[in-house]
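Here come two complexes built around chain A, the first alongside chain B, the second alongside chain C.
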Partner chain A sequence: MAFMQMTSPHAHRPGNTGHVMKLVILATLPGLITLSYFFGPGTLINVFTAGIMAMACEALVLKLRQRPVMFYINDYSALVTGVLLGLALPPYTPWWVIAVGCVSAIVLAKQLYGGMGYNPFNPAMVGYVILLISFPVEMTQWAMPRTLLAEGQALTGPIDGLAKMWFATPLDAYTGATPLDVFKQNNSQLVQHLYDTQAVFSTGRWAGAGWEWANIGFLMGGCFLLYKKVFTWHAPVSMLISLSLMAAMFNDGGSSNSGGSPLFHLLSGATMLGAFFIVTDPVSSATSNKGRMIYGAAIGILIYLIRTWGNYPDAVAFAVLLLNFAAPFIDYYTLPRTYGHNKARRGTEKEAE
Partner chain B sequence: MSTQVEFNTIAKNGLWNNNPALVQLLGLCPLLAVTGSVVNALGLGLATMLVMVGSNISVSLIRNAVSDAVRLPAFVMIIASFTTCTELMMKAFTFELYQILGIFIPLIVTNCSILGRADAFASKNGVAASAWDGLMMGTGFAFVLVAVGMIREILGTGQLFADMHLLFGPIAQNWTLELFQDYPGFLVAVLPPGAFFATGFLIAIKNLIDAQVKKREDAKKEAVVKGSKRVRTTGVIT
Partner chain C sequence: MTDVAVILVSAILVNNFVLVQFLGLCPFMGVSNKLETAIGMSGATTFVLTLASICSYLVHSWILEPLGLEYLRTIAFILVIAVVVQFAKMFIEKTSPLLYRVLGVFLPLITTNCAVLGVALQNTTKAHNFFESALYGFGAALGFSLVLILFSAMRERLAVADVPAPFKGAAIGMITAGLMSLAFMGFSGLV
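Let's turn to the complex of A and B:
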């Protein structure tokens, strides 16, 4: 009887990048569906447009760089970048804004640094930040959730939405302040008062109509990815914990100076999307488990700081980019113990003299 | 020592082969900071060029009288004096531009490319060659500044040559070109990151051109005959 002789590593399933990326896209579905349910089909159209544009940019640059085009297109990494960018953009973003975002994300942030696996920054977040600081008007028009629509007003349909995106046909009053906007522009009202008077809160359950469910959707997708072992729990969990701790510390029971409750911060803006789909990016984040915990925790703290005392209502993209800068530094000080050694080596250690 | 050929080499070095901004990557601070529009870029480019020519001439004149030990402080003093002159002149003739450029005019003193030329070229060469070198290096630097300024102004605001009257007086009042109707404005190009992007792409284009030129020159050379060759290792090689 002959056994097959195999050497390590004894991997059961040869997971490849394309497989992982497909799982990630699958996991964005609950969040994408809730966003589309509450805010109309805008996000869905965004995701499609950005996905196609990102793939087109990737193919074009790979061709210019004389790299195998289909090999890299088939790993779906460009599609994931496009999908994440599309999810982050406000519904019905004009097509040229999405195009600039995709070019910035794929060409500037990814391919110029060497392509897949070499980008120091998260491409989708670079694209988003460039758009946010370049086109503040277009980037701050979030649609109203369906619970806030006036009597007889319907959600924007796909046809009207496409006309707005491609031909700049104006839409009737479809935008509204997001919960984070309302909090930012709170001029000395108690939090309870805000929750009672502002429709975006009073028609919601915990943290603003629509947004809480979208965040729960992304949380579900994230848990699915955790279950599938696409990433470890360290970075997202430590980010959510540090954000909650910051919020709990500065909540002060809901005075006019309050930054909002931990639940509010966990379930609004891009918290869950960031925690499970952006912070866990294997290329631009820290690599060891200890490093990932520090990385995630620092992002959580920064998100709270910028949301509460910064100029922008949400802060996930800025926080992630700042920590992308710091990731090599974190790695340097959190080298894991190597097999066969008793103690972890320190990055600062000198050669034995 | 200064023949015509040498002057050509100096010009080629300053403008292209050894361009301060694209190859030496010196003086990046003003390059990145003030190139938001053509008028700012041209203003600072001209000021830098003026200082460079003046300091190169003076350094060349005193090059045999200054000992090695104190040469750098002496050069910096000379550069600082010319910078002050330029600053006063801009204050007198182009006051609004002076106010826009602000701290970056006094900071010309710290522009490494100027001290670099003084130490590397002017302190070893004659007056005429040094003046020519300063002019060419300054022109090369100003060219890049203006190019970056043009890219950033077009991308950022959709206009070109806006506010040129700050530098050229009332006749330039109407030089502004509106390139696009209803341009939304691409703010990141006017902000500091835009300067990094524009400069990076310019450097890439320069390298691309150099590579193409080299390829063409290589193609002109006679092709090496393929196949094995015997090399005689003994005996007298004539």
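Let's turn to the complex of A and C:
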């Protein structure tokens, strides 16, 4: 391995990939804890299972590719992929679904492209989309939040949850429609009526019981990462703004055709998880600040389009993949001006006389 | 106005000819190695597709239908497309000799781009009128151009990635196209 020759200024920051990835995992904790509080320990078990499986896949492929296994495992990037996939999956997802997701994410979307730093698509979202298309039944069973449980009914415990995941032991009725499902299926009722009659809304405050707090948890984690300067504000903020603008434009005062208020869209589904943990992926997103703003804004618009008029209730994964696909093109046309030049210039271009 | 939007969104995104209907894969894989070439190819294909769908509509409704020769439409459309491609070739040769040389063999190969024949045939099965046929051809070409250009920008990046040896080149391109096709499934249901 040849060492790079570097000139000053030399940054003395105790940062390396592993350090950043550990911060990211730490920042998912508020969201993970709220999800587990409201929906039972299912998400927590998912995260552990997916994390271990993702690391195992990574180690296996690195072994096959004859790369130093421990060096790459220690950067925790596979663990982050696993954790994000586990957070996105419905609680108590069967183990084989998680396994297929981890293999798709790590082997297909990451290692086939050359591993860490080369993957053009976000691995966790590739895993999620493949699962959503392949196993729609398993992937659309969200647990009910604790506020909706009947009198005397308790949240599914960890033992029952593990039995469901590993031995397909059926659980008592534990699934319910998510707020986005309710909106998707509604075609005749006013929004205010939905909020009054549907338990998932009436026991919540703004955007559905449990979901709003989980999103606020992820928002807190995201702000922590922002404070730690793990990523810049451009992509997440422009995504949230464009999503709110779309929602505000098509809100139409809450008729039955309404897509929901901006607050509803910001605090439901995977909005905040997507904005701060997926869209900010440094590898698969656009590179320059201007590019990131375009990238984020387009994701926000696509999320709203697919949520409101498409077939799927949530759209963060699809929107992110579509923009991952467009990111190299965005980069191509948003080259920043480099110091000493009047305008942006490609390294391969000849200098103008 | 709504019809126009529906046809365009359907042809560009929901029923994208490359990633959803899997038509026109040969130029999609063949001309996507460099962004500039892909942009030139997109322009040429847009020109040919729009013109070919108009011409094939005219041939179908003015010649084949009055004579009761609808069963000849496949072969008639192939002939029409070949003529339009030849015309486009002469057009590009005169207006942009550089692009003509860059595109090389791929320009005559637009004749065998199944998306062109696909649009012409779908126009007859969907019973589009003149305006709808032209619009559908144009939308299909825009969808083709969109994915071709984005894909070529991505392939420039894949060319320098540390891809495992068995997957270098076309193989990883195919995998990428598959993943993109998955992402395009998100558009289903939009129209």
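Methods note: the second predicted complex is superposed on the first by the 336 of 353 C-alpha atoms of A that agree within 3 Å, B and C clash if a C-alpha of one lies under 4 Å from a C-alpha of the other, contacts with A are read in each partner's own complex, and residues count from 1 in each chain.
Just so we're on the same page, a residue touches a chain if its C-beta (ideal position, glycine included) is under 8 Å from a C-beta of that chain, and two chains touch if they have at least 3 such contacts.
This structure is a prediction, so every number in the text was calculated from the model and none was measured.
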item: Contacts of A:267 with chain B and chain C, given as first, second, both or neither; value: neither
item: Touched partner set for A:309, first chain B, second chain C, both or neither; value: second
item: Partner chain in contact with A:108 - chain B first, chain C second, else both or neither; value: both
item: First (chain B), second (chain C), both or neither touched by A:133; value: both
item: Which superposed partner A:318 touches (first chain B, second chain C, both, neither); value: second
item: First (chain B), second (chain C), both or neither touched by A:100; value: first
item: Chain A: partner with more touched residues, chain B or chain C; value: C
item: Common interface positions of chain A, toward chain B and toward chain C; value: 108, 112, 130, 133
item: Sites on chain A touched by chain C in the complex; value: 65, 108-109, 111-115, 118, 120-121, 126, 129-130, 133, 302, 305-306, 309-312, 315, 317-319, 321-322, 324-326, 328-329, 331-332
item: List of chain B residues in touch with chain A within their complex; value: 184-189, 191, 193, 197, 200
item: For the chain A and chain B complex, residues of the former touching the latter; value: 96, 100, 108, 112, 130, 133-138
item: Complex interface listing, chain C residues touching chain A; value: 35, 149-151, 153-154, 156-158, 161-164, 167, 172, 175-176, 179-180, 182-190
